[in-house]
Amino acid sequence: MGILSQPVGAIAEWLRNLLLGWGLSPGLTTVLLYLIGAGVLATLVQTWVIFLIWYERKIIGRFQDRLGPNRVGPYGLLQPFADFIKIMTKEVIIPEGADKPIYILGPIVMDAGVLMLWAVIPLMPMVGMDINVAALYTIAVGAFATLGILMSGWASNNKFALVSAIRTVAQMISYEVPTVLALLVPVLLAGTMSLQGIVEAQHVWYIVAAPLAFLIYFISSVAEVGRTPFDLLEAESEIVAGFHIEYSGMVFAIFYVGDFLHAFTIGALAAVLFLGGWRGPGAEAFPLLGLLYLWIKAFAVYFLVVWARGSLPRVRIDQMMNFSWKFLTPLALVLLVLTAVLDYFVAGWGAWGQALSHLVMNLVVGWLVLRYLQAWEKARAARRPVVAQPGQYPVARPPRPAVAETSTEAAS
Amino acid sequence: MIPLDWYLILAAALFALGLFGVLARKNAVAILMGVELMLNAVNINLLAFWRYRAPDQPVGMAFAVIVFAVAAAEVAVGLALFIAVYRRFNSVAADEINLLKW
Amino acid sequence: MDSWIYIGIFVALSFFFPALLAVLGWFLGPRRPNPVKQDTYECGLETVGETWVQFKIQYYLFALVFLIFDVELVFLYPWAVAYHKLPLYGVIEGVIFVVMLAAALVYAWRKGALEWA
Amino acid sequence: MTAMQIVFLLTAVVALFSAFRVVTTPNMVHAALWLIVTLSSVAVLYVLLSASFFAVVQIVVYVGAIAILMMFVVMLTRREMRDRGPQLGKQWPWAAVLAVLAFGGLTWLVRSAALPASPVGEVPATSVADLGAALVNPGGFVIPFEIASVLLLAALIGAVYVAWTRRNS
């Protein structure tokens, strides 16, 4: 039981013996150990955001042909610390008529909903708490993030904040449906809801067996977090802000931190569910290597999120709702049924045989969907009454409403 | 270990509070909240008996799952009715909606 | 049970850390409230009317369809966990369940409840 | 008194206090938030009962969906938001008497029954899978399972039908 093969176990054992040596009871020792472990992990994750902010600003800078932060510290690494100190000393303004306790609790609940996810993510072999319902737990704590947004929007006593909060929540719950459906696919393939169990079942990464489920999961989680291209409710370049319009100082920073952490956390979750988690050469023998693999994979997915932010335009709200309810959800339903039926018939084919047959099914479905989308787009283009004539505005304008109609509208 | 009757008494208290909410509140949404409290009390009872009497059989759990489904259906239809009523009468106070009373 | 102690501690800490940040910000920052600063920020205009505006029915419909889907999906998770041990009829019953779910979606779609606007 | 009992009592106090606030607070959004506190403490009770699946489902369904739906409706029906006045009807003393009677009767029933102080056995590790298998087993709960799906379908159709009227200007 060396520090290399059992890093956390060895430290925990040493601490336990130390505490028991002080004459504490075994039960209390366990609780204290858990407290220390949870405290260390939560602190690390929370401070990790400081690095994430630097990383994202740097990457976005490069996408936009800028340098990004480069003044404070080497490569601008200390910039987020400077920002943090600045925002610490800002005033927390509570608007008039706000519902004070709920106003303060809103960001706290939202951030807690994100942080809680880290309780179940398996960081390396045999580390990370293993509850048998971990997959559903990740969905459940997402409810707190939604709730926090609704609370802060309502408590701000501001029309725009309230409207934005309601819209954001409508968006989040719309995209939760495909998330839950896509999450069912790895659960079904692994036959367990425990995330550690799902990682251990991935002899072949599930992105091979279920690439479409990965895509659905990725897109809908990004939409749930409300990152670009789905950030139309707090679009900083078009409207001022969303539900957090009245927030300032540290209370706003909590939203900011929660947002960045959420984006990285969905990267880690996608890595655990579809990219094999800590799996990699030598991870079983040296668990710390597994942690490194997980971090690399999480960063790869997080990079995709940032990439999407750097290169995609915003969508419109009706497009966004249609995309979830009329495209992702039906596709996820079809995929779930096909995966279930196929998995039943290829049960005895070995890991690679199963994965490849699922891959073929996914490719066929994906091809059919693409053909359908092409046909749909063609039909839509045929319907569109665009007559581009020289000197004319190339988009059909809506007919002017008659004066009588306008007046009745105003009267009613 | 926690004795079984602690759970049952807690569930009874929740049920009584829910009952009070259903009978006393004016707002229709608040009445639904009371119903939710009562359903939760029922679920605590079901799962407590499952845990203490037959933890190796899924009977109690299956019942609890059905209660969840019923609670969701009840909330969905109930709130839809309230919205329809609200648009008709501009109120969701249960005691103001008395067209059928006489 | 043991792991739930850890989860419970973690959940408590998850609320504690952001609360700590908020308290820190509260004490470190200045506090000089004045009526103009505390005014509601609505693009520089005076707030008109009451804040609790009335919303479209659309939001409710999305939440409603979401509620039904959520509950049905919760039913599917135990089925997916038990999946590898199920005989063929178990698979078929699960598929029937999903078809019911799809029927709900189709109804809401045809009815126009999923249209924004 | 063991640690578990202390946790239980704390949770029970939180659950009952917040449930009391749910039925008495005049502000409906506050009532919904207190309801969320109650439902979350019930989830903690499920954890104490080793029903971890139901603890998580409680949060997903009640906090994530039902409470959110209720808050939506409260915000849709604007007039109630300003009703800070008494929210209890004239009949509330009778309701209180009935509630106390119900609680007293139930408690008397519970106290007079011979109930076990500890469970007969441990929950098997595969309880969730067992539940899944039982839900599709013809000898188990397949009829309730499928009827539940029909019920939810019917609820959706009914609710959409009642609440949704096409805008006819």
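In this document, chain identifiers A, B, C and D correspond to the written order of the chains, with residue numbering beginning at 1 in each.
In this section, contacts are C-beta pairs under 8 Å (C-beta built on N, C-alpha and C of every residue); 3 or more make two chains touch, one makes a residue touch a chain.
In this text, all values refer to a predicted model and were calculated from it rather than measured experimentally.
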Go through A-D and C-D and name the pair with more C-beta contacts between its chains.
-> C-D
Per-chain CA centroid nearest to the all-protein CA mean = C
Inter-centroid spacing, subunit B versus subunit A (mean Cα positions, whole Å) | 33
Between subunit A and subunit D, the Cα-mean centres are separated in Å by 28
Interchain centroid distance [CA atoms averaged], subunit C/subunit D, Å = 17
What whole-Å value do you get for the distance between subunit B and subunit C if each is reduced to the mean of its CA atoms?
-> 21
At least two other chains touched by the same residue of subunit A: list those residues.
-> 131, 136-137, 162, 166, 169, 173, 176, 191, 193
Please set out, as single numbers or ranges, the residues of subunit B touching at least two other chains.
-> 65, 68-69, 72-73, 75-76, 79-80, 83
Where in subunit C do residues touch two or more other chains at once?
-> 4, 52-53, 55, 57, 59-60, 63-68, 70-71, 74-75, 77, 80-83, 94, 101, 108
Inter-chain touches occur between A-C, A-D, B-C, B-D, C-D
The residues of subunit C that touch subunit A in their complex are 2-7, 9-11, 13-15, 17-19, 21-22, 24-26, 28-33, 35, 37-43, 47, 51-53, 55, 58-59, 62-63, 65-66, 69-70, 73-74, 76-77, 80-84, 88, 91, 94-95, 98-99, 101-102, 105, 108-109, 114-117
Mind listing the subunit C positions that touch subunit B in their complex?
-> 57, 60, 64, 67-68, 70-71, 74-75
Spell out the residues on subunit B that touch subunit D in their complex, using ranges where they run on.
-> 1-10, 12-27, 29-30, 32-34, 36-37, 40, 43-44, 47-48, 50-56, 58-59, 61-62, 64-66, 68-77, 79-84, 86, 90-95
Considering the complex alone, what residue numbers of subunit D touch subunit A?
-> 3, 29-30, 33, 36, 52-53, 55-57, 59-60, 63-65, 67-68, 71-72, 75, 125, 128-129
So in the complex, which bits of subunit D are touching subunit B?
-> 2, 4-5, 8, 12, 15-16, 19-20, 22-23, 28, 31-32, 35, 38-39, 42, 45-46, 48-51, 53-54, 57, 61-62, 65-66, 69-70, 73-74, 76-77, 79-80, 83, 87-89, 91-92, 94-96, 98-100, 102-103, 106-107, 110-111, 115-124, 127, 130-131, 133-135, 140-141, 144, 148, 151-152, 154-156, 158-160, 162-163
